[in-house]
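The structures considered in this document are given below.
Okay, so subunit A shows up in both of these, paired with subunit B first and subunit C after.
So, the complex of A and B:
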């Protein structure tokens, strides 16, 4: 019994150490930093509520929050629709199905910075491939990353493209659990393809949709690498995300205490938004 | 209610023939049972009627209408699935009404039909429950209700009782039978269980490897099986088969096998020298006697050693070893032999069946 206990401790020790060092310690440290001034060079000094007061009054922070919500408002619905449509398509028997499934997953495993650089080229106003194609049909040129109103939607489209493969897998897994007999039953009852989707497939994919909404929201709030690489937060700070603003405070202005305060605030916002989403979805499910 | 007619229906999947040249008319209001083992093609035939599989050749008609090429939704048939196929996210009420709402049946009519089905099936208390909150029997009733509210031209049942335990299965079997007689809807019922087939069917179609073995009333299949497959499939416990030969001697035809012979009335063996056949005798058609020691076994009896006695209460199953033969007899005697006792089993000669080497039955009466 004692040997078993020792083995248990031993086996869980590496992960426990990892968790303590890279999750628990940073969380505690960040919480402590909220009440500190620290420039990474001199000794940290006690700041009291200075950082929180600053946060409440900081228009740039609240603009970053607003920008991030704009991003989410475009990204999350777009992510659900694209992932669902692709999953339905890839669930059918088709030529080279395994290849297509892998192809759509590929961007997920490519580095975000690489994708951002690639899309910078695609989005280029004068020489980009997207505008070249649009010009063929008489549209454009669209100033993708240089127009204050278009830049954030453009980034949202790109992030959706990058992550769609991951959510397709979630939906594909869900589709395997739609009983074949139920599909046949509803077909015999007279349902068209759209009615079969509307009355059977979509409701049965609700757990997957909850997961996609939650994960894409959490990921979306952490938007950073794309605006950092592609726009630097511009034009007119319209693509300045919360995490980009946090990063700028930490490593451009050396305000670690304030950066930590932004980070904690972001965690609270994410928690609140996801809780509200879950409640709304729960109500929809009960109806 | 229209009839369902199969005209030279064949179903092949790649090179494998699942159903071969199936011809049948299911009469208006009839309950027809398709019975067979796995791979017999019985479920495929049902799915061909539903339109869930396409026929390779031949036609299927509902009444006078050729439905062979129609989409499932345009066929006016309702199916009860083996796993019930209830929509897991919908309440009983919604499960019953969804199909009608999809077909844009007016609201009052939907309510009327749902109320009618719910009343008939005793589901009133369960209307707001989800399928996972129902027992197996209740789910089965909801599945039937969903088929009923459609008021279809034909019901298709695909092994509807195979997921229920034995007691419930017997009860639901009676309920389905009663319901079908009441609604008088043309019904095709698929099962692998010969007891279900015998008790439910107006007629039974016995299938094996995609081919019809015999079509007839349950009692006719039991009394006069057309071949050895049907003889072995219908009836429980199954028929005993004894390999042997027909011989002509003393102006009579005899079935002769290892250590036994029995005179068969009605089989003309004149001119026949010797013919390999199989004798079939049902376990219920054997009578047990205790031989006095030293006597030889009489004609028409099998002498053997008792291997196992299974007491079922009212009757008992006796497993008897006789030379190379293994014979099962159902006896109702109160006084049962012990294991290793020697007994005689008297064959009722008017109840035997004779099968040619190709499995076809040889008529022995008249």
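So, the complex of A and C:
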């Protein structure tokens, strides 16, 4: 089929060209940039291992990595629990089901920039909505974004709130495959609701949990707009994320080689963390 | 379930729903409050005023940013639908050497974290002279791997007999795609359209890198710059600017929420 072959090439050529220019080239060039000093104005110069040694010794970079792990340690478990609880609550025929689902999903469709600006207002120490509510029950005022120990957890809670609707949908899809007959059988055996959940529902939802862990981890490593808008990375750089640090190096310091090195390192860290998580979950399942 | 249990469940759900909806309602009402009132919990302002909107509109080119956002998101969405369908059609229905490689490359692209390519893409755009231009905001988004894989999956299921008889009638491949495949592919096309438009509409990191000229800024970028640079002055003004970005989305979401949920959840899982 000569004609078909020609049509195939013709129709896929624009995409092939696009892939080369905007995917393949940047991937290769990222690795090249690791060995360059380049401020975008003067000619790039060969840097050898400079960027890598700098990265290894750069306390700010490692602090940003550490901050991200603090974020993940709070965000990922919280995301699993909240998504699972809401999905289990919705997993039955009920009044206004579509409305509840739509309400939980609402923040997912809103721009991260808006959510950050909105939560900046909600978290404000003196005039914020959250402290106003807490004051009613005699708590506070909590310095949400200005206390070095509270700021990152506060951002993690906010991101969990923004994304939970997305993960509720994943769990709801998984819950459709928990067979009713199993539920009833185990109930007849006299299992309590908690035992049913612990020994039937939770193991059957493992694929969804793996997905939630993976996606929320990858998403967590992309943390940028929230600290950029809400804290500028502070207080005491405790909310400085890796992407924010990369952005700062590229945009404010014009250090393309070093910024690209941070990007490559981040990609490696993401790959390693996701691989380790999958192994751990696999082992937990085998037990 | 027991009656008390049901009541408790609905109460808990209502409370949960309130934590997702109330902040947005509070945001909307705060934009109508004078500065002294913003910190209050009440939804109905004591002295409603459009002052915040007037200040916001006067201080930064929000009308222009709104048009930029509409233009960029629409261009990207139309391109992803048309170019993505053409590519997906070739990958699904035409046999040619290189097809398999293209398929593999598309899957591989989805596995590469965006942070890896962000800086090299930025330097590429600088070298192409696209800084402060719509090209920088549109061209790197012309094709979308998730969209191509989704459409390809759908196109694979369309019976070959339809294609054969159309070819017999002398239809070109592009006509087969747009007059036979497209009408059948409305649901996946709608899904692709929603997640592409929303992705472009909400994107902020990339514009922050490649655009510095206020006249080219999209709405989320101008909003961020405005809120950060202290241009807003008061909270009410910042929130008023945020409303411009949110209101069109929320209105579309109210009417099409089922499609939004399916589209954005599906794209996230596949992407």
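By our rule, the second predicted complex is superposed on the first by the 265 of 287 C-alpha atoms of A that agree within 3 Å, B and C clash if a C-alpha of one lies under 4 Å from a C-alpha of the other, contacts with A are read in each partner's own complex, and residues count from 1 in each chain.
Here is the rule we go by: a contact is a pair of C-beta atoms (placed from the backbone, for glycine too) under 8 Å apart; a residue touches a chain by one contact, two chains touch by 3 or more.
This structure is a prediction, so every number in the text was calculated from the model and none was measured.
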### Query
Overlaying on subunit A: subunit B and subunit C, fit or clash?
fit
### Query
Of the two partner chains, subunit B (first) and subunit C (second), which one does A:104 touch, if any: first, second, both, or neither?
second
### Query
Which partner, once the models are overlaid, touches more of subunit A's residues, subunit C or subunit B?
C
### Query
Looking at the overlay, what does A:218 touch: subunit B (first), subunit C (second), both, or neither?
second
### Task
For A:150, decide between first (touching subunit B), second (touching subunit C), both and neither.
neither
### Query
Should A:35 be classified as contacting the first partner (subunit B), the second (subunit C), both, or neither?
neither
### Query
Between subunit B (first) and subunit C (second), which does A:8 come into contact with in this model arrangement: first, second, both, or neither?
second
### Message
Contacts for A:70 in the overlay, against subunit B (first) and subunit C (second): which applies, first, second, both or neither?
### Response
neither
### Following superposition on chain A: angle at subunit A, subunit B versus subunit C, Cα, nearest 10°
90
### Message
Quick one: is A:179 in contact with subunit B, with subunit C, with both, or with neither? Answer first, second, both or neither.
### Response
first
### Superposed arrangement (fit on chain A Cα atoms) - minimum subunit B/subunit C Cα distance in Å
11
#### Entry: subunit A-facing residues of subunit B, complex
50-52, 72-73, 75, 77-79, 81-90, 98-99, 102-103, 146, 150
### Message
Looking at the complex, which residues from subunit A come into contact with subunit B?
### Response
179, 181-182, 184-192, 195, 199-200, 203-204, 206
### Task
Enumerate the contact residues on subunit A facing subunit C in the complex.
1, 4-9, 11-12, 14-16, 18-19, 21-27, 29-30, 33, 38, 40, 86, 89-90, 94-95, 98-114, 117-122, 124, 126-129, 132-133, 161, 165-166, 169-170, 211, 215, 218, 221-222, 224-225, 228-229, 242-243, 246-247, 250-251, 256, 259-260, 263-264, 266-267, 270
### Summary
Within their complex, subunit C touches subunit A through residues 9-10, 12-13, 16-17, 19-21, 23-24, 26-27, 30, 38-41, 83, 86-87, 89-91, 94-99, 102, 105-106, 109, 112-124, 126, 140, 142-143, 148, 173-174, 198, 201-202, 204-205, 208-209, 220-221, 223-224, 227-228, 235, 238-239, 242, 245-246, 249-250, 253, 257-258, 260-261, 264-265, 268-269
